[in-house]
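The following blocks contain the structures, represented as structure tokens.
Note that chain A is present in both complexes that follow, paired respectively with chain B and with chain C.
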Partner chain A sequence: MAFTTHTTPSGFLLPSIHSAPPFFSQQPNKTTLASFTDHWIKLILAYARHRRLFYLHVEDAETSGNDWDEVLKNERINRHVLPVYLEHIMGVMVEKNLAAFEPARQTRSVMLYWRLPEEWAETLHEWATSTGHLNTIMTFYDVTDPPIESPLSSIPVALLRKAIGILTKTNRAQLIAAADGEGVRFFSK
Partner chain B sequence: MALKRYTKSIDSTIPLPALLYTDERLFSSQNGVGIYDGQQKSASHQSGTVHVSSHRLFFTDTRDNSFALDLSYVVQTVYYAGLFTSSSKVTLHLASKTLPGTPEPEVWVCHVCGNRNPPGTSPAASRICTLCGVRRESPSTPSTPVPAASDAVACPACTFRNNPSKTTCEICTAELPVPLAPEISLMKLSFRKGGDKAFYSKLKSCLKTKAWEVRLLTVDDPLPSGSGISTWTLYFDMGADDRLKFITDGILQSVATSNQGVETNMKDALQDLEALMLKAKDMVRLAADLNERLTTSTAANPASEPEEATFIRSSLSQLGLQMDNVPVTLDMMQDEREWINQLAKELARVLQTIMKDRGIIALDEVWGGWNRARGVALIPPTTFLQVLPHLPVYTTPTIQKRQLHSGLTVLHTPPYSHAAFSARLVGFLSLNGPQTAVEIAQEEEITVGLAEGMIGAVEADGQVCRDDEACALNGSTVGIVRWWPWTEFDRYNYDGQL
Partner chain C sequence: MHRRGGGIAALQRQEQSQRSFVELSHALSESQVDHLHAQLTHFRTALARFAATHRHSIRRDPAFRHAFQQMCSSIGVDPLAGPRKGGWWAEMLGMADWQHELGVQIVDVCVTTRDRNGGLIDIAELIRLVTKLRGLADGAIDEDDVIRSIKTLQPLGAGYHVVDIAGRKMVRSVVKELDHDQTVILAIATQLGGRIVPDVLIERASWSHDRAAAALENMLTRDGLCWVDDQDELSGRAYWVPSAIKWDE
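Take a look at the complex of A and B:
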């Protein structure tokens, strides 16, 4: 049986396996389950990158009309991912450091690392350098909501803090506590 | 006073015939009778029924007022025909003498013939053995004299029991009730509703017969001693030796009669059994004959045994009539190991029938079928499980045991081994597309349960994967699972947008 790829209205190219009904069932066999889960992780991260989505919740599989409809459902073959399976996939992603439970200490919502925090750190520093913000103090808001759209626009604060933390270790940034919130100062090096 | 002294109260709720001794007979009854105790009317006995039997006079009214009077106390009767408003009366003069104490109504064993005498005979009769007529020997009836105190008159004021001769109490000098002298004890029956004459004549005849005293000695005894009377008369004419002979003869005769009866029954039963065995022999011979014929015909044309032959064979095996299939039992064998081997051989033969058209069968069905074929000396499950490992040695094609994931244990031929089945299943799915367990079961001609178990095993190997309909968008919760061959996804490379 041959399956074909499909382009969604948002312009995302779905893999051909997304048209295979067994792909949506949680397999009891460990080998087949791991194989399908790997493809799911690839698909989720690619779609998140395509739509700049930072969060995935178990509820996204339970309800419809959210950002993830195109991926978690396939109306052409009448299949969708059950919340239980999605939670399992999320667990595997966290294990592989491709996501983090956000907030911590629960397993029903994750922050997706379609770029790893290290990559975000580099992006952040490059952006600061290229926009001439070195050695000046900036608020988190300045970073996440710059007047000119940047690669960092709408990045979650939790992820931003993680990236700044990585820069701090190599002395390329400094976290500053201000009276009404937090700030950051970037150094060249 | 006389009433209290000579009568015994009875329970009138019991029907009168049940109160009679076994040798007592009821002669006459009359209702509407009042009782005079002495010369006075007895207030509590004014409208009852009197009955006269061979031994006793009964008065029944309410439960508390009923009594029985032994006729042996009656010494004289006077009849008064009545005048104007005075009803006719019968006066009974009661004896002062007390009869010997009546024996307790109990079962006693005769010391001569060993007969167990039942209770319920009249006091006089119960002193004599009902079988041999010998007088009861052991003085089980206490011969102690009635204590004098029973005659004592209790003082109505202080309850001291005074000597009957006293007129005033010795303690408190209160006037004692005058006890009726025994000599003048009398009782009257007042017939308010007539019937006096007939009743009186019956009473007279009863009194005359004195059934309570004399028994078995007169031929014209009106008592219901039954057909035994003439015999008994004879018996009393015999000498002592003859009597003994008479008794032993009787006993021996009864023993002989009962023995004869038993023998006749036994003979009948044995004859029936013999007839049955003859029939059984015929049956077995017939079965053997049939089996042989079938075998020869099958040997000539082994490819196609006619359906009828299969039917006959399976019927015979179900009846336990397979001749080459006499059940093996432990006592036929020297040791248990040999027994198990023989059982395995026998089971292999049985399986040839049971698994004729089937490659796989659940263990419970095999066990049931085997025991049905054996018919006798059934095999317990533990032994059955011991036999199974020896089965491949005696079967061609080899039949093996296999436990499925669900815990169900089955016997199967090589085509239903795990490897063979998974290869076949994957081929079938690749060729025909995804299938449900039901469709697979149909294809394999096995039960759905078995198919599910075996597919489960293939899934555990990762050869197939499932598409659960519970994942459908319309949210049906009952998941029908379709099985897909894993080969579809085995070499899949991600081909979507990265």
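Take a look at the complex of A and C:
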């Protein structure tokens, strides 16, 4: 018996360690745990990027039929990440600034940074510049649901607000309170 | 139709032109070879400059060294091969001879694979990975090379050691001595593809349950030489010895 890589129906290549049964349990040895957790973090972020997923919940490991089935479970060997362990992994991700608890003040749900907020800020500004949206007021909805799909389509508002906050510091954006919610105005550099 | 001239003169003429062609082709390929040499020298200089500039990082930072070696092997340069004995690596980085260089790569492989084998690697697997790292053909390095290199590493006290487990040679890169019970566990796990539970040890090694459980727990928690699976269908909790697992990449 050998452990091999596996390509999921969505076209994602799982590493060979994903077919090892112990990979799904929390390891008691510190070094082993750190190494397994690193593997998990890489895997989670790569998959999130592959499927454009922004959120991960502890419940995703407990239930079936959600976006994370291909990674948090391995039906070929009948294993799934134990929820306690997933919560630990999420904690480490937040520590390393690769995710943030969302909403705040709980530890069972995170927003994933497969791009850092700083990178999202640049992507956002580039998009606004290249589509001629400088100096006009846009609602958040205009950004998250543009008529033509953009790199920012379906970005969570919490993440969008962070990115705008970063642009505000360099005077490249301004947050505007509009009647029906919030808006943003971009400026050239 | 004008027939090409017969006779001695024509023959000489033909010979003459053939000679000219040969000379011309020589000159051409010579210039091509010269050109290649020039490019190669240029390339070596660039690589040498890179190695010299980053010498410190290459020597100090295992991750950087690993990346450097991968870069070398991806463009088909073996940093250990060279005109001089000891090779280019020794020349540029001031490290000792071939044997030591191989040692460096052995350490590299042992360290990078440690998280998946717990510091114990089958010698055949080690040779395969070193060969791959260096971009060499299969069989360019053999078991004796590796064993000799590991001996040269011993004064460093890093704990590299060749151990014999159930007829298989393994390289240990963790300082801890394997005690007798661990050797037995490794041998049995190797026969079983990696998975092991106390019952197997009770049956095959006629240990008491306490001895089997304690030995496995120590390997798991204290030494990091095995992994635990809390979802085992048969026993609920199973131990896996990573160095006994076969990985397909």
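Definition applied: the second predicted complex is superposed on the first by the 187 of 189 C-alpha atoms of A that agree within 3 Å, B and C clash if a C-alpha of one lies under 4 Å from a C-alpha of the other, contacts with A are read in each partner's own complex, and residues count from 1 in each chain.
Here is the rule we use: a residue touches a chain if its C-beta (ideal position, glycine included) is under 8 Å from a C-beta of that chain, and two chains touch if they have at least 3 such contacts.
Everything numeric here is computed off the predicted structure, so don't read it as measured data.
K.L.:
Superpose on chain A as described above, then tell me if chain B and chain C fit or clash.
P.N.:
Partners clash after overlay.
K.L.:
Counting only touches as set out at the top, which of chain B and chain C does A:A100 meet: first, second, both, neither?
P.N.:
It touches nothing on chain B or chain C.
K.L.:
Kindly classify A:K42 by the partners it touches after superposition: chain B alone (first), chain C alone (second), both, or neither?
P.N.:
first
K.L.:
Please work out whether A:S25 is in contact with chain B alone, chain C alone, both, or neither, and reply first, second, both or neither.
P.N.:
Both partners.
K.L.:
Which partner does A:M138 reach: the first (chain B), the second (chain C), both, or neither?
P.N.:
Neither partner.
K.L.:
Quick one: is A:M111 in contact with chain B, with chain C, with both, or with neither? Answer first, second, both or neither.
P.N.:
Touch partners of A:M111: none, neither chain B nor chain C.
K.L.:
Applying the document's definition of touch, where does A:V92 land relative to chain B and chain C: first, second, both, or neither?
P.N.:
neither
K.L.:
Quick one: from 130-138, 400-408 or 454-462, give me the piece of chain B that collides with chain C in the overlay.
P.N.:
454-462
K.L.:
Counting contacts the way the document defines them, which residues of chain A are shared by the two interfaces, the one with chain B and the one with chain C?
P.N.:
In chain A, positions 1, 5, 16-17, 20-29, 31-32, 35, 78-80, 82 sit in both the chain B and chain C interfaces.
K.L.:
What part of chain A is in contact with chain C in the complex they form?
P.N.:
Chain A residues touching chain C: 1-5, 16-17, 20-32, 35, 78-80, 82.
K.L.:
Show me the residue ranges of chain B that touch chain A in the complex, using the header's touch definition.
P.N.:
433-434, 459-462, 465-468, 470-474, 482, 484, 486, 488-489, 492, 494-498
K.L.:
If we count contacts the way the header does, which residues on chain C are in touch with chain A in the complex?
P.N.:
Residues 115-116, 118, 193, 195, 220-224, 227-233, 238, 240, 245-249 of chain C touch chain A in their complex.
K.L.:
For the complex, which residues does chain A have touching chain B?
P.N.:
Those in contact with chain B are residues 1, 5, 12-18, 20-29, 31-32, 35-36, 39, 42-43, 46-47, 50, 73, 75, 78-82.
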